[in-house]
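Please see the structure below; I have some questions.
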Amino acid sequence: MLTERAIEKYILEKEPYYLPVGNEIELFTAAYQAKLPVMLKGPTGCGKTRFVEHMAWRFKRPLVTVACHEDLSATDLVGRYLLEGEETVWHDGPLTLAVKHGAMCYLDEVVEARKDTLVLIHPLTDDRRILPVEKRRVVLEAPDEFQFVISYNPGYQSVLKDLKQSTRQRFVAIEFDYPPFDIEVAIVAHEGQVDESTARDLVTIGQKVRNLRGHGLEEGVSTRLLVYAAQLIRGGISPVSACTVAIVNPITDDRDLQRSIQEIVTTVI
Amino acid sequence: MLTERAIEKYILEKEPYYLPVGNEIELFTAAYQAKLPVMLKGPTGCGKTRFVEHMAWRFKRPLVTVACHEDLSATDLVGRYLLEGEETVWHDGPLTLAVKHGAMCYLDEVVEARKDTLVLIHPLTDDRRILPVEKRRVVLEAPDEFQFVISYNPGYQSVLKDLKQSTRQRFVAIEFDYPPFDIEVAIVAHEGQVDESTARDLVTIGQKVRNLRGHGLEEGVSTRLLVYAAQLIRGGISPVSACTVAIVNPITDDRDLQRSIQEIVTTVI
Amino acid sequence: MLTERAIEKYILEKEPYYLPVGNEIELFTAAYQAKLPVMLKGPTGCGKTRFVEHMAWRFKRPLVTVACHEDLSATDLVGRYLLEGEETVWHDGPLTLAVKHGAMCYLDEVVEARKDTLVLIHPLTDDRRILPVEKRRVVLEAPDEFQFVISYNPGYQSVLKDLKQSTRQRFVAIEFDYPPFDIEVAIVAHEGQVDESTARDLVTIGQKVRNLRGHGLEEGVSTRLLVYAAQLIRGGISPVSACTVAIVNPITDDRDLQRSIQEIVTTVI
Amino acid sequence: MLTERAIEKYILEKEPYYLPVGNEIELFTAAYQAKLPVMLKGPTGCGKTRFVEHMAWRFKRPLVTVACHEDLSATDLVGRYLLEGEETVWHDGPLTLAVKHGAMCYLDEVVEARKDTLVLIHPLTDDRRILPVEKRRVVLEAPDEFQFVISYNPGYQSVLKDLKQSTRQRFVAIEFDYPPFDIEVAIVAHEGQVDESTARDLVTIGQKVRNLRGHGLEEGVSTRLLVYAAQLIRGGISPVSACTVAIVNPITDDRDLQRSIQEIVTTVI
Amino acid sequence: MLTERAIEKYILEKEPYYLPVGNEIELFTAAYQAKLPVMLKGPTGCGKTRFVEHMAWRFKRPLVTVACHEDLSATDLVGRYLLEGEETVWHDGPLTLAVKHGAMCYLDEVVEARKDTLVLIHPLTDDRRILPVEKRRVVLEAPDEFQFVISYNPGYQSVLKDLKQSTRQRFVAIEFDYPPFDIEVAIVAHEGQVDESTARDLVTIGQKVRNLRGHGLEEGVSTRLLVYAAQLIRGGISPVSACTVAIVNPITDDRDLQRSIQEIVTTVI
Amino acid sequence: MLTERAIEKYILEKEPYYLPVGNEIELFTAAYQAKLPVMLKGPTGCGKTRFVEHMAWRFKRPLVTVACHEDLSATDLVGRYLLEGEETVWHDGPLTLAVKHGAMCYLDEVVEARKDTLVLIHPLTDDRRILPVEKRRVVLEAPDEFQFVISYNPGYQSVLKDLKQSTRQRFVAIEFDYPPFDIEVAIVAHEGQVDESTARDLVTIGQKVRNLRGHGLEEGVSTRLLVYAAQLIRGGISPVSACTVAIVNPITDDRDLQRSIQEIVTTVI
């Protein structure tokens, strides 16, 4: 009755579009070869997930992504027994699946997960590289190709959601930020399918909005939202309307901030 | 023993009454065509739900609505196994149902939901447009017609219930407010089945009451309550009594505020 | 093995004793005819529950009453599967029962319920008038006779237990207070089976005690407690003793307030 | 496999020793005859439980006692289905048992129970006198002999554990305190099996210790502890040692207060 | 498949080593004969558990010990149904086991247990001496030999973990402290198998360390830790090293306090 | 269907690389011979886990390691019944497994575990050395070879996560810190496979960074991270880049601290 989720489904078929910003590809490759777990730090929507997809494609590894949340437990990651007919049948969780097949395992926004999840990964992220599956009484050893990646947004973590030192100090950490101007223009033009001039305007708006950080704005506008605006413009919406619904409205509820951003939009366009 | 809830039941049969206020129909249509998820922001009872119904009818898509609440979990949305006789049988949750059938999925008051719900929708609301159903070991890809909509009332969100930037920056956001005077008069007359003069009085009261926001009133009176008052008047209740039970009493327990609103009522009528 | 709780059991056989105070019967009737949900606001023991019983009797509708509490969940209201022998069997919850049979459904002290309950009733209390029963994959449409009533005591709600505007603005709200002197005397005499002079004394005490509200007393003495005192007097207890155990002792633990109320008692009797 | 707990087991066979202090027996009798629920207010160990046992014996009613605690749920009181072999079998909870057999039902320290318990008893404690057993789809009507009693210690209730007015105003409330000197001497002599002179000393100590309330002592020493001291003295322990372990040590951990109480002991004995 | 845990396993076979400090044996014996429950108050590791073992051996009663913790529920103590094959089978909890066999039941660190546990023991600790086993519908009467003992460390209880007066006033309370010098020397020499001179040094250190209480040290060093130090010395570790790992390091993380204690060690040895 | 996890799998096959710093091997050996439980105190990544592995290898004991977390319950440690086909089958938890086979049981970061876990180990860590397995009604006696070890990082424990005195005073405590310069150089060179000069630079950086503790840095850089940096350098990454991603980025999100650490790096290299 169940459709078995074969690990092949996790292999990316075509190259994910990714423009490198610095030496992140070299660093990730060295960590992969030294079998060190990697932590990606940076704001929302700046390309961390795309980078992981790109690296998985490069190494021809299946990519198992887990969006972490407050109720994500160790059991969700490792697996559980489910009743099927009259028998309980074991179902591998995504982490077990990834370890078994030497996949790349990516825990997105890892601080959102429950603490037991974070401790669970300890034996997998030091030189032991093992995953104890208590409920099946087995200890899985990760093959050399297995790569563990987590992402983490240091910008808006509360004290309660900070990563513990005993977790942090198990990772090589690569820092991300919004791409530099020319690269972001190329991304917006490519993904939003607009001409370079429109992309240029949108990235100019994006950079000016990001300067409002520290002046009431929690976080800057992501590359993704700039792409959204481009897509709406391409769909026939006027540039100002597109920027309003894709940039001004989503990132804040504060009327004054909205007005400031709206002014940036009308100044640029 | 179970009545299967066929997806056809979710198709709206007749056009929901909706008067457009600005370019919201064009914006929503462009987002739909660019396959971008949409967030509707605005106060309670200003027409967000009706607008979604209207758009679902326009695109001839089934509409799957979920009223979010504090105990709404990812499992509630995705589905679960239930024991039937001697076998456990999988039951699709509303989100899975909507993805499978390319429906419009509307999460009403999304901030009320548990955090795991909000993270669950991440892979569905970026360019991957996938829904991992962990318990069935399948990953569903949303068809092009699938449209994801959430609503959000920025007026009375506490800090605890704010949307995270990593969630917000996945949506095109259209802002709603109470309709302009003439449109609201038309709505109240149509839905309350009263003459235009009575509708005009009720909307006048509505607008004056909304001016009390910031003077102790948490939120203005909704179009819905104005329609209630109209319906009671049509049912033979005196206009003042109708306004008392449909406007004054529901929106506040504060005696002073109640008196101020009552005065507005008696001044207008 | 189970006694089926037929809906007929919920039909009131004899007219519940109720003395109207204002136009509450007309207002409720108009709301019933316009199919609008009703909220009753007022202090404990002032007759809200009796009024609902009376209206159910008038409209010849079964009355399904639910006393809300902190653990009352959506599941409790809608229904659940229970194991019977080797099969799981669906049991309708009280709300489902009421919707199916077009009954009057009364949620007493609705703010006590969990938040998911309050959101659950949203689609039932706007013009959709539907109840989605997720676990059975059906959507019930309420028949025209279905009437939804909630009660709410604004006197001692904490901020945490306030009703949300998105819930409030779905109801026509009728306000209740303790009955006027002559009506309360009639009630106490009728229900306590004492002569009018004794009833008059007790209501006089009741009204004086209610004046202590705002002077340390959280809430006034209810009509019910006055009836209790009358019943004890009729049972042979001296009026002062009866008032002590039925009025002074129940409503407060504060020694000073108890003394003040005791003085009121001895002054009147 | 189970020993059925017949209701006869709850009938008290011999008269529980109880010395009345005031008109509490008359008041309780009148409430019983008028079918009013009763609340007993007073400090720990002053005889509330014994009084209820005495009244149950007087009316020849079975007595079903429930010691309330934070995890006592409505389900615990009403009953639940349990798996027996291949069938689920219903087990009446103590409240259901008491209602069915017209017993006296005594909820000891009712404020300790969860809020759902307190709301559950509402329909049983107004003129409806019914107990809805949702899970069995039946509504039990209490026979005339059914008597509902709760106890409540106003001395150390925190704000969080106060009884709600909507619960309080359903009860006739009889207040208890430690017995007057001569009566307590008789009790201690009778229960501790010591001579009157020893009992007199112990009660003298008890009364002096109770005067320390408000001077750091949370609650006075109970009659029960005085009986304990008497029993130890009768068992051959010296009076001072007996008072130390039965009075000084149990009621406080505060060294200074212990010294003060010890001084009272040595002064009297 | 299960090994039945016969009550005989709980009978102590050889006399537990215990040196009496005062009249605690007489007091406990008198309480046992008068069937009064006993509370032992005192700091960690001062001999409370050993004393209970000794008394159980004296009275030839099986000893059922329960280490209380935050998740210890009433069910854990009383028992539960467990699925075995196709039938649910009842398993007595330790308290039920002890009541049935007239054992000595010892709840260690009782304040750690959940509140329902503390209320559960109320009917067992007053003159009723009964244990209602709700789930089996039986009420067990404790035989005369049944003895109930709890321990309690008043030193570091927070307000949240204080014992309620209604619980406290059910017990005879015997207070414990660290043994006097000569007795503790004898204990350390006997249990640590060192000569008297070494034991004397260790107890001297222990007493000096205990004087630091109130100067930053939460609790003094226990007799048990002095025995540990003796055992390490006997195992060939130098006295200073033994004291460092058995005394200085375990009792505090504070560097300054550690230095002070280390100085005490080097001064004495 | 299950792969039985034989205890032999827990025996370490080759000697774990460990350079002793002081007399920790002698102390642990003496504790092992005296059957005393051991607590290892020290910062993250300083070699505690490796030390335990080394000792287990020395004594030829299987090593059962448990990474503690907030949801680790007593049941997880002791074992549980799981449904297999039609029968429930008992599965030993890691603690039960270790006790049965006289293994070394290591609870890593024990303060993270739930309180019931900490109390559970009490009878195993005093002279009783027993593990009650309540659910199987057996009491296991630990064989002489059984050794219990916990680790504890006093550096960043909050008040809420401190170990209770009644737990602490059951352990001999060995304190750990980062290794002295020459030993750490040897470790980094050996594990990172770099020449001594590079290792020397990295340890110099490590020691300077550790001096920032108390100047905003929560915890120093671990030996593990220095090894990571060495491994990246060996993999072809420039020393500065390697230090950035292996030292600067992981240990802090603070931009100023990151700059200070970066300066240390560039000064040394």
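Per-chain numbering from 1; labels A, B, C, D, E and F assigned in written order.
Note that a contact is a pair of C-beta atoms (placed from the backbone, for glycine too) under 8 Å apart; a residue touches a chain by one contact, two chains touch by 3 or more.
Since we're looking at a predicted model, the values are computed, not measured.
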Worksheet item: Over half shared or under half: which fits the residue numbers at the contact of copies chain E and chain F, same or different?
Response: different
Worksheet, complete the sentence: Taking each chain's centre as the mean of its CA atoms, chain C sits from chain D at a distance in Å of 30
Worksheet item: Per the centroid of Cα atoms for each chain, what is the distance between chain A and chain C, given in Å?
Response: 52
Worksheet, complete the sentence: Residues of chain D that touch two or more other chains sit at 83, 86
Worksheet item: What sequence of chains forms the ring when you start at chain A and head for chain B?
Response: A, B, C, D, E, F
Worksheet item: Which part of chain C faces chain B closely enough to touch in the complex?
Response: 23, 26-27, 30-31, 33-34, 36, 39, 41, 73-74, 81, 83, 86-88, 90, 114-116, 118-120, 122-123, 126-127, 134-139, 154, 157, 164-166, 168-175
Practice prompt. Please give the residue numbers of chain F that touch chain A in the complex, ascending.
Written response: 1-5, 9, 44-45, 49, 65, 67-72, 76, 82-86, 91, 93-94, 108-109, 112, 153, 156, 191, 218-219, 221-222, 224-225, 228, 231-232, 234-237, 241, 245-246, 249-251, 253
